[in-house]
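Presented sequentially are two complexes of chain A, the first with chain B as partner and the second with chain C.
Entry: the complex of A and B
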């Protein structure tokens, strides 16, 4: 396409609507309009100019506000769909098969369809992420398409505009002026914090141009935010681990090399409704117990650099800390959160090896349910061998005992008991309150003696190096929103023509009321001709015509 | 009288003041027959004075309750919803100072009354904070959100007035239907309030044993005659109505019963209104909007959104994310409440793009503002009560 040459001699890029230099309308459509379209200063936007190649078409698609709003609406509906039934992370099932079964069991055919459509994991689905990606592309392209020409245009704007441009502004004034009118207007406008530039017989007063960048600034903030969210998929930026630690235990912190944590104990406090808390008595009576505090007291250790992995002999205490809900323990870019707990978890189980008939004891054994030994030597050469240990026994599959979790909630033991009476050994499968003798009747049994329990804390180990980026994105977004919404860009063009008469035009991107208030003051000070609001005039005329018709 | 009693009495004072002010505003608008604004201004002044007294009483309730409980009184459905009514009235008072719009008071105050009455149907005793809520972020996040929602609700009220004036009540149209649907849903809320109050005053209680969705035996108390029974229910109270229909385990039949009674009573109320006045509610209200300046209503609608939207973004997304990161270790978890805050944000973003980019002002903008309010109410009511999630504190 060719460049557009204006009558004033300025060469405009193809697609320009109002001459960059003098403001004359460059096409017939614009010439016929009563008011100039000032939204993007009549500049050549790429999307409005080219529509040939595939790139043009993609660019034009994403730069459209209509498309942008369309994406927002689809995203909004999609997001809402994901709340009809709980997402899979809030469902009490872990394996894919269990999750699928859960939706069908609890929600019936609706649940089956919901799961089949993938709505149980909607926000991680390919199509949802693609939609967010499209929104990001739209944000970038729509902003560039408008920002670049607008910026150039406002940067290069001239003081003197053609009278056709001036007459097509919403606020216009025309009339006689004095020799010092321009001077006085400049004085007053400067006093009102306008930036005034003059050229020959004219002046341009401008205020708040930065508010024009508001939309682009807030879009940049959103893009930075989305970039930060994307970044967490990169290794090293994001750690999300669960650490179950029991009272008295010392464990390496997963994904935090060199750090070891010891739990001093878990505390659960509830509101008593007494003393200071008496005022809560009624509420506590209604709902039962209300938790007041979940707390794990920990000691953090660091293994010196150069030590062998697992060598905990030289570790140094870094800090003792109480981890509570809303008070995570932060160290070296990591944070530990109090997320879950298990009270009275089984710690050990004790048994006595007894002759079934005589109840004669062959000695006692205590099995540590986290680190069980394989053989327990008792009196007179009796031995109990632990052939299999199932911390959370959940039944048999193909004759093999199964464990649902690694936590000792329902321990099952496959043992071989050997005594001087039964040198070949007898096999027994023991769970709480139940004993199975798979290879025939035994002479001996393990009689349950007692358990020891302790509390366990479920901690989340978190490192998130994207947080500063997300924070920055949020901050820029808010700045951009305020910048664009609470400030406005006001301009006045004033020219004194050869015969001494004054031509004035005014424009603002919003809040015309404020612009007029400024102009009232300038008009009074510099005795400018009375201005009129051409849009209001047009509306009033339409109204009159409408009334005449009825 | 203890401070707690003073607090709840102040709330009553506020409620009654709003109720009186509603009628005075109505009178101010109605009395202005000739379109001269003299009498409207005189009665408007009386009405706004009563409103301000009510508002101050409610602020008094808020502060005294804060002192009594030791935490910001926005931690459960009763407290949050009451505060929502307060910010709505506060926003209106500011607008009245700017624009002297009596008709806005006539619409905003009854909505605030309904909201506060709705709030009172929830347990209102002072309750202790669970560990997740024990932080200053409770006050920062929730107060910002409730202020933003109050302001956004004002935009809907202005939109509603706009629609009451422009929608033609003589011609059958989609607009006329949906406008009346909004009025009907407001009457349904009234139905809920009336029903709950009636059965609370008559002390209706019926206990049932049932099997919950995890297969565990549980018990439930109905405060309204049970129409729908819980899964495998067994009546435990003699003489109580035996449920007519048993529901599958995922449906909370107790809540469904409440919804059912509210629907029935609300519909009966609506039918009575229609029978007595022989007019749609929107047609009854239309004469009040005769002197309304449409441009001003459009301006209030838009202004409220450009103030409410940034505050909402700050409170419901940014502050929410900061707190979620501290309490739950992740700033975002697609919890239903979070999702609906995002939906609200996206909706108002669309509103602004349509208005600024595609010139959707006037009636279109008014409809959007009303829909925005519906989304906010959905997040407040349905997401708390129906879609269970981390935010179900009621």
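Entry: the complex of A and C
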């Protein structure tokens, strides 16, 4: 394609609509229009001018706003699809096979299809990320393609424009003028904080040009935001793990190397409705109990530099802290949130060694279900010996008692009871519901006395190093929005022609009312000819024509 | 404008656009790579150095992984509630008898159970290899162990030779010990 040479002699890049220098329309289509298309100052969108190599073709594809909007629509639909059924991380299953089975079991054939299409992990799928990436490419290229020529054009704009350009502006005024009209207009415009430049017989007054950069600034914000989201996938930037910890337990914090947490206790407080809380009485009566506080008291330890996992001897206390809902424990970029709890898990069980017939007691023993002892010595030489302990007894296999989990949910004990009466010892298998005497009838039994319980806290371990980046992106985005929305780029071109008459044109990217208010003041001060709004004239005419037809 | 200048400009344009596109595509590619491998990034891979640790066994003796450098270490993570773990234990014991003299060490890492449970179990099955208890799950976390049993085969150079999840037969175990025994 060749350069477009305007009648004024200026060479314009191919694709230009309005001459960069004088503003004359450069193609027939534009010449026929009543109003000039001022969106990009009539400059050539760079991509449209070259379309030769494959790189140019890709570039042009992403430069299109239509393509950008298309990508956004596809993304919206895809993101919506991901919300129809729960994503895989919210499904109570861990292995791939279990997850697949879960979707089929709960949601039937819909679930099977949903899983088969990969929608159960939609937001991490390569095609979803590719789409977001394509949106980023589109934002960058479309912005570059428009910003660069617009910037150049506004930077190099001339004061004097061709009368055809002036006449194609929405606000136009033409009429007689005095010798000092331009001077007075300049005076008033300067007073209205316009930047005025003059050339021979004309002036250009401009205000708020930076408003034109608004869309590009907010695109920069979006790109930074997307970059922050991308960083989340890099190791070390983002941690979101769950840690279940029971009262008295000490646990390594997942994905926080070197840190170990001990739970001192979990507290659930409810409103009592007494004293100061009397005012809540009515509400409490209506709904039962109302939680006031969920709290886990913890001690944070750090393994010294260079110590190995498992080497807890030299652990140092970092801090004791109470974790409450919405009041996370923050340390070294990590935050521990109180998220869940489980109350009244078994901790100890107490028994009394009794003679079955006489109910005579041989003493009591308490078995710590977390860390049981081997022998329990009672009064007058009686001994209870623990032969086997099955914290979550689930039945026998080949005569062996089994445990389903390591948690004391349904403890089973194989014990040998020895008393002075029964020096050879008697064996008994005890569970909460049931006692089995595998080696014949016993004289003694362990009578259940009571339990102690403990609570478990569900904590979320989170680290997010990308937040400042996301915040910065959001801030820049908002600055861009404000820049484009609350400020206007207003311009007036005024020329005194050879016969002394005045030709004026005005343009703004938005808020024509504000532009007219400015112009009213200038018109009054400098006695300019009355202006007309060509778009309103056109609309009024169309309306009249419409009425005539009906 | 001369044709030479024009073709130069065109060349520059193509280079500029190619560079920008390439950078963007690389960033997206890297993101996708990271997300697809997200689950495995933190998990150890074959060929990685096995993270060193130190744990105490039932006799109170300390076992530090790096002390076994030069030997193959058969590192088995287990618990008494895990059926396949229990099933493979006797096989591990009998193969340990065969391979102990050839420089293969078995270390069974129990996940945070009580001394009583582990001791009773070891006695019941007559286990001849050291059993250490990972009381605060820090070694489990460091190795990112999810399902039990998981066995990490550490070669004499201290690298992970193979990761086995699920139950192993005695034949498997013999084969794995053969793999990690020093030359």
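Operating definition for what follows: the second predicted complex is superposed on the first by the 336 of 550 C-alpha atoms of A that agree within 3 Å, B and C clash if a C-alpha of one lies under 4 Å from a C-alpha of the other, contacts with A are read in each partner's own complex, and residues count from 1 in each chain.
Here is the rule we use: contacts are C-beta pairs under 8 Å (C-beta built on N, C-alpha and C of every residue); 3 or more make two chains touch, one makes a residue touch a chain.
What you see is a predicted model; the values in this text were computed from it and never measured.
When both complexes are overlaid on chain A, the residue A:116 reaches neither chain B nor chain C. Looking at the shared chain after the overlay, A:5 reaches neither chain B nor chain C.
In the superposition on chain A, contact of A:374 is made with chain C only, not with chain B.
Once the two complexes are overlaid on the shared chain, A:257 sits against chain C while remaining clear of chain B. Judged by the touch definition given at the top, the superposed model places A:66 against chain B, while chain C stays out of reach.
In the superposition on chain A, contact is made by A:58 with chain C only, not with chain B.
On chain A, the surface touched by chain B in one complex and the surface touched by chain C in the other have no residue in common. The residues of chain A lying in touch with chain C in their complex are 3, 11, 50, 52-53, 55-56, 58-59, 94-95, 124, 126, 129-130, 133-134, 136-137, 140-141, 144, 230, 233-235, 250-255, 257, 260, 303, 308-312, 370-374, 386-389, 391-392, 402-406. Contact residues of chain A toward chain B in the complex are 65-66, 68-69, 72-73, 75-76, 79-80, 82-84, 86-87, 89-90, 106-108, 123, 240, 271, 277, 279-280, 282-284, 286-287, 290-294, 324-326, 328, 335, 337, 339, 460, 462, 464, 467, 470, 474, 477-478, 481-482, 485-486.
Listing the residues of chain C that touch chain A in their complex gives 1, 10, 13-14, 17-18, 20-21, 24-25, 27-28, 31-32, 34-36, 38, 41-42, 51-55, 64, 79-81, 83, 111-117, 119-120, 132, 134-142, 146-147.
Residues of chain B touching chain A in their complex: 4, 68-69, 123, 125-128, 130-132, 134-135, 137, 213, 248-250, 306, 309-310, 313-314, 317-318, 321, 325-331, 333-336, 339-340, 342-343, 346-347, 349-350, 353-354, 357-358, 383, 387-389.
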